[in-house]
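Quick notes on the structure that follows.
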Amino acid sequence: MYAEVFTTMQSTTPPTLLQVDQLACERDERSLFVGLQFTVKAGEIWHIKGPNGAGKTSLLRQLAGLLPVDQGQVSFPTGKQLLYIGHKLSIKDQLSANENLSWLTALTVSSTENQRYAALEKVGLRGYEESLAAQLSAGQRRRIALARLHLNPAPLWLLDEPLTAMDQQGVMDEQRWFVEHLRTGGAIVLTSHQDLLLDNVKILDLSAAVEAAL
Amino acid sequence: MYAEVFTTMQSTTPPTLLQVDQLACERDERSLFVGLQFTVKAGEIWHIKGPNGAGKTSLLRQLAGLLPVDQGQVSFPTGKQLLYIGHKLSIKDQLSANENLSWLTALTVSSTENQRYAALEKVGLRGYEESLAAQLSAGQRRRIALARLHLNPAPLWLLDEPLTAMDQQGVMDEQRWFVEHLRTGGAIVLTSHQDLLLDNVKILDLSAAVEAAL
Amino acid sequence: MMSFVLSIIRRDLLLVMRYPAEMVNPLVFFVLVVALFPMGVSPEAKLLSQAAAGVVWVAALLATLLSLDILFKADFADGSLEQLLLAPQPVWALVLAKVVVHWLVSGLPLVLLSPVVATMLFLPTEAMPALLLSLLVGTPTLSLFGAVGAALVTGVKTGGMLISLLVLPLYIPVLLFGTGAVAAAAQGMPVAGYLAYLGAMLVFALMVTPWAAATALKIGQMQG
Amino acid sequence: MMSFVLSIIRRDLLLVMRYPAEMVNPLVFFVLVVALFPMGVSPEAKLLSQAAAGVVWVAALLATLLSLDILFKADFADGSLEQLLLAPQPVWALVLAKVVVHWLVSGLPLVLLSPVVATMLFLPTEAMPALLLSLLVGTPTLSLFGAVGAALVTGVKTGGMLISLLVLPLYIPVLLFGTGAVAAAAQGMPVAGYLAYLGAMLVFALMVTPWAAATALKIGQMQG
Amino acid sequence: MSWFDNWHLPKWFYQMASPKWFFDFGARLQPWFAALALLFIVCGLVWGLLYAPADYQQGNSFRIMYVHVPAAILSQSIFLMMGVTGAIGLIWKMKVAFMVARACTLVGASFTALALITGAIWGKPTWGAYWVWDARLTSTLIMLFLYTGVMALNQAIADRSVAGRATAILAIIGSINIPVIKYSVEWWNTLHQASTFTLTAKPSMPPEMYMPLLFMVLGCYCLCAWLVVQGTRNEILDQERQASWVARYLEDQ
C-alpha cells in the first residue's frame, strides 16, 4: 500500500487520501458543524483549529470511524488505511514501553525488536525501553504512542493534540517527523491549540463552521 | 487566613508561603533532582521547567504532600493551605459541571449556587453548567477544574500543566487569573511546556537540578 | 467536619441516584445468588428450609463483597481521592462517609429484602426476626471491614478479586455468629448472646477500621 | 487474522502474568465460596455430599462472573479498545481472542481444581468424572455469554454488578444441565445426554455470542 | 448488512421509521385500544369475579386467575416483542423500533411482577406456601431478572441511541434463550421433584370460567398495546424535543 502511494506520487497530481463531503456533527442535540467539505491529498497537512468544544475531537473521530456519521460522507479513495492517536493513548500501565509498542504495532504489521528499539530511540525514550509505562511521566507516555508513527505504514495520520505534554524540544522533533511523513507521500490531519511552525499548513477553522451551524 | 495574608502584604516584606530546603527526589532508583532550595513568597509565580521526565510532576506532588519526601524539607510557614490541580482532574463523569464544582469546593469552604455559576461563567462554561462532564470536550473538562481557582481561598496554588488542552483565548484568560491571584497576595507554582506571557516569572529549571543529580 | 462528611455523603448518593442501577444491583445480585441455590442444589422444601439461613447470609456477604468496588476505586481512578486526601479534614471522616453510603446502598436494602428471599427458601417463620436483626447488626460490620480491604487495593491495577481475598477471612466470624443466631431461633433457643457478639464486633469495627482504612488510603496514594 | 488473534492472546496473557494475582483470584474466590458453604449452612457430611455438585457449580459460575471485568473494561478505559476496533481485523476475532484468554485464566484452573474442592464437600467418587467433564464443557459457554455482557457494559460507569444482572439469567441453563449431569452420575444414571446438551449450548454460544459481543462493542464505542 | 438495502419492504414500513408518523398514527390507534381494553376487561372482570361459578376445590380464591393468567401470558409476549423490535431497530436502523422496545420494557416488567405477585398470593391458599421452586414459577422469576437487566442497562447508558442498540442485543439474546431457559427449568424440576407441588395440567374448565379468562387475556393485550404506544409516544416527545413539530405539538397542548 505504502509503496503504491509512493509511486503514484511521481505522477503529476498527488492522490486523494481522504474526501469529506457535507459532513455534519451533532452531539447531544447541539449542532457542532454542518456542511464540512475538504479533500486531503498526499503530501498535505491539515490543522484543525477552533476553541474548546468546537468539535475538533468529534471531527477526528468521525473521520476515523469511531463516531457515527449521520449526515454527509467520509470516504477514502485509496482505501482506509489510517493511524489514529487520540486523547487516550492506549498505553497499558503494566507493560513496558517496548511491549506496548509491540502490540500496538501488531494491529497492522509485524515489527522486530530492533525496529521498535530504533523507534523508541527516535522519540527520545532510549534507556526507558523496558520501563513499565506506569513509571513514566506524562510526556514520556505520549512519546510511546508517538513511536507508532515510525513503525506504522498507514499513509494517513489522524492526530488529536499530538503536541500536548511534549517538551519544547519534543514539539520541534515531532514537527520534523511530520515533514518526513509528508515527503514520503503521507498526509496528516491534526488538531492543536499551538500553531505549527511548518510551511503550507492547510487550516480548517471550526469556529467558522460553528457559525454556519447556528 | 486569606485576610490575614492580605494584611501582612501591607508590611514591607511579603510573607513566605512555601519553603523548600535541600529537597531531593528519587523514583525507582533513578535520582531526579537533589538539593533543591527555594522560597515562594506571596505575590510570586514560579514556573518549573524541564524536559519530559525531568521530575516536574514529582516535585509538585512532593510539595502537595502526595509523594513522600525522603530527603530535605518542605514547609509552609503560614500554614498548609493549598490548591493542587494535577494531571488527573478529579472530575466525575456522571455529575454536571456545577455539581462537580460543588463537591470539589466543599472540601475546603462552602459555596452557593450563584457563586458557582459565576465561577463557571468566568471560565467560559456558560450554558454548560448542567451538562454532564462526560459530554464535555477535553478543554471544557479542564475548565471545570480551573473554576476552582475562583472559589478556593487557599493562597498557594500548585498547578501541573494548567495550560494544556486550553484554547488560545483560554491560555490568555488563565494568565489573567494568575495575575489577579498574585495581586491579592497569593502565590503560584506551576509547570508548563509553554512560556508564560507574564512579567516577573521566577523560573526553576529542573534540567539544571538533573545535571546535579547525575 | 460534619459538613465535610455530609457533603461527601450527598455527592456519593447523588452519583448513585444518577444511575439507580448501581443501587439495585447488589440487591439483584443477592436475590440471584439465593435463587441459584435451589436451582443448583435442590428445590426440595425440607433441605432448603434447613439451609436457608446460611444461604441468605452467604448471599448477603457476597453481595456486600462485590459492591466494595464502589467505595474508592472510581475516586482513585479520576483523581478525586487525591483531592479528598488533600482536604484539611481527617481521612477517617472520609472513610466513615464512604461506609455510610456503602451500607445505605448495599446493606440496608438487602436487610429489608431478606424476609422475602428467606420465605422463598422456606425459612421457619419463628427464625425470621433473628435473621433480620442479625443482618441489621452484621451488615454494617461487613461494610466497615470491607472498607479496609477496598482501601488496601486502591491503586492496584488488578480487578476486584484481590479484595475478596483480603476481606473474606474477616467476614467469617460475622457469618458464623449471624447464622448461629438464626439457627438458635429456629430451635427456639435464645438469640441475645449471638446478637451481643455481633454488636461487639460492630463496635470493634467502628473503632478500628476507619483508622486502618485511612492509613491504607494514605499509603496507597504514594503509588500514584 | 490468526496472527492478530495470537498477538492479542499473547498480550493479554502477558498482562496477566505481570500480576499473577489476577490469575489466582478467580480460583481463590471459587475456593472461598465453596468453603463458606459448610460454614454458613452445615458441616454435616450427608447434607454436604448431597449439595456438593450444586455448590461447586454455583461457585464456578460466580467466579467466572466476577472475573468478566478483565475482558474489556481496562481496554476501554485506556483507549486500547479504540485501537483494536480500528484494526483491519474483524471484531469477532478480537472477541474470540479475549474469550480464550478469559477461559484460560478463569475457567481452566477452576476445572482443574474442582476435584479437590468437590472431595472437601464429600462428592461421591463416581460423580467426579461427570463434574469434571460438565465443567470442562460448560465453563467456555459461561465465558462466551459473559463476553456479551462485558461488551454491553463497556463504557458504562456503574460498577461490575450490572454485568451479573445481565449475564446470570443466561447462565442458568448451563447450571441446570451441569448439576443435572453430576446428579445423574451420582445415581449411576447415564450422563451423555446432559453433556450433549452442554455441548449443544457451547456450539450455539460459539455461533451467536462473538457476533453479539462484537456488535455491542462497536455500539459501546459510540459513547466515547 | 448491505444485502438488506436491496429489500423492498412495504411503504408503511418506511413510514413507521419516522417518529412523527408513528406519533400521529399511534394517537389515532390509541382510542381503539383503550375502548377495546375497557370493554374486554370490564366484561371479563364482571363476568369472572361476579358470575362465574366458584371452583369446587378452591372456592373463590381461584378468581385471582383472571388477573394472573393474562399477566403471565403477556409477560412472555412482551419480551418477545422487545426482542423483535430490537432486531428490527438494529437491522434497519430504525429509531422508532428502539423506542417501542424501550416502552415494552417497563410494561413487560410490570406484567411479570404482577404475575409473580398474584401467583404468590394464589399459592398461599392452594399450596400453603407463597413460593415453591416449580418450573413455571422459576422461569417466570428468571424472566423478571432478564427484564430488570434490560432496564438497568437502559438506565446505565446515558446516550439514548446507544442504549437502544445495546438493550436490543440483550433482548435478542434473551429471547432466543427463553425457550432454552424454560426447557431446562422444566426438565430440572421434573427430575428432582416428583410431585410435591405441581400445577395441575390444564384444568378442563367449564366455559363459564373459561370465557371470562379469554376476555381478560384479549383485554390485557389491548391494554398493553395502549401502554406501549403511549410509552413510545412519550419517548418520541422526549427524544425529538428539538424538532419543530414537537414544539408546535407541545404548544397546542
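First chain written, first letter: the chains are A, B, C, D and E, and each begins at residue 1.
Here is the rule we go by: a residue touches a chain if its C-beta (ideal position, glycine included) is under 8 Å from a C-beta of that chain, and two chains touch if they have at least 3 such contacts.
Remember, it's a predicted structure, so these values are computed and weren't measured experimentally.
Trainee: What chain is the most remote from subunit E, judged by the mean position of CA atoms in each chain?
Mentor: With centres defined by C-alpha atoms, farthest from subunit E sits B.
Trainee: Pick out whichever of the two, B-C or C-E, is joined by more C-beta pairs in contact.
Mentor: B-C
Trainee: As a test of understanding: of all chains, whose mean C-alpha position lies farthest from that of subunit C?
Mentor: Computed centres place A farthest from subunit C.
Trainee: I'd like the Å distance between the centres of subunit B and subunit E, where a centre is the mean of that chain's Cα atoms.
Mentor: 56
Trainee: For subunit A versus subunit E, what separation do you get between their C-alpha means, in angstrom?
Mentor: 49
Trainee: If you average the Cα atoms of subunit B and of subunit C to get two centres, how far apart are those centres in Å?
Mentor: Roughly 38 Å separates the two chain centres.
Trainee: Indicate the residues of subunit D shared as contacts by at least two other chains.
Mentor: Where subunit D meets two or more other chains at a single residue, that happens at 19, 74, 157-158, 162, 165, 168, 172, 176, 222.
Trainee: Would you please write down the residue numbers of subunit A that are in contact with two or more other chains?
Mentor: Where subunit A meets two or more other chains at a single residue, that happens at 87, 93-94.
Trainee: Residues of subunit E that contact two or more other chains, please.
Mentor: Within subunit E, the residues that touch at least two other chains are 142, 145, 148, 152-153, 156, 158, 185, 188, 192.
Trainee: Taking the complex as given, what residues does subunit E use to touch subunit D?
Mentor: 90, 142-143, 145-146, 148-149, 152-153, 156-159, 161-162, 165-166, 169-170, 172-174, 176-177, 180-181, 183-185, 187-188, 191-192
Trainee: Please give the residue numbers of subunit C that touch subunit E in the complex, ascending.
Mentor: Residues of subunit C touching subunit E: 19-21, 24-25, 28, 31-32, 35, 38-39, 42-45, 48, 119-120, 122.
Trainee: Name, in rising order, each residue of subunit E that touches subunit C in their complex.
Mentor: 129-134, 138, 141-142, 145, 148, 151-153, 155-156, 185, 188-189, 192-193, 196
Trainee: Can you list the subunit B residues touching subunit A in their complex?
Mentor: 27-28, 50-54, 56-57, 87, 124, 128, 131, 135-140, 143, 161, 164-171, 193-194
Trainee: Touching subunit C in the complex: which residues of subunit B?
Mentor: Subunit B residues touching subunit C: 61, 64-68, 81-82, 84, 86-95, 99, 102-104, 106-108, 110.
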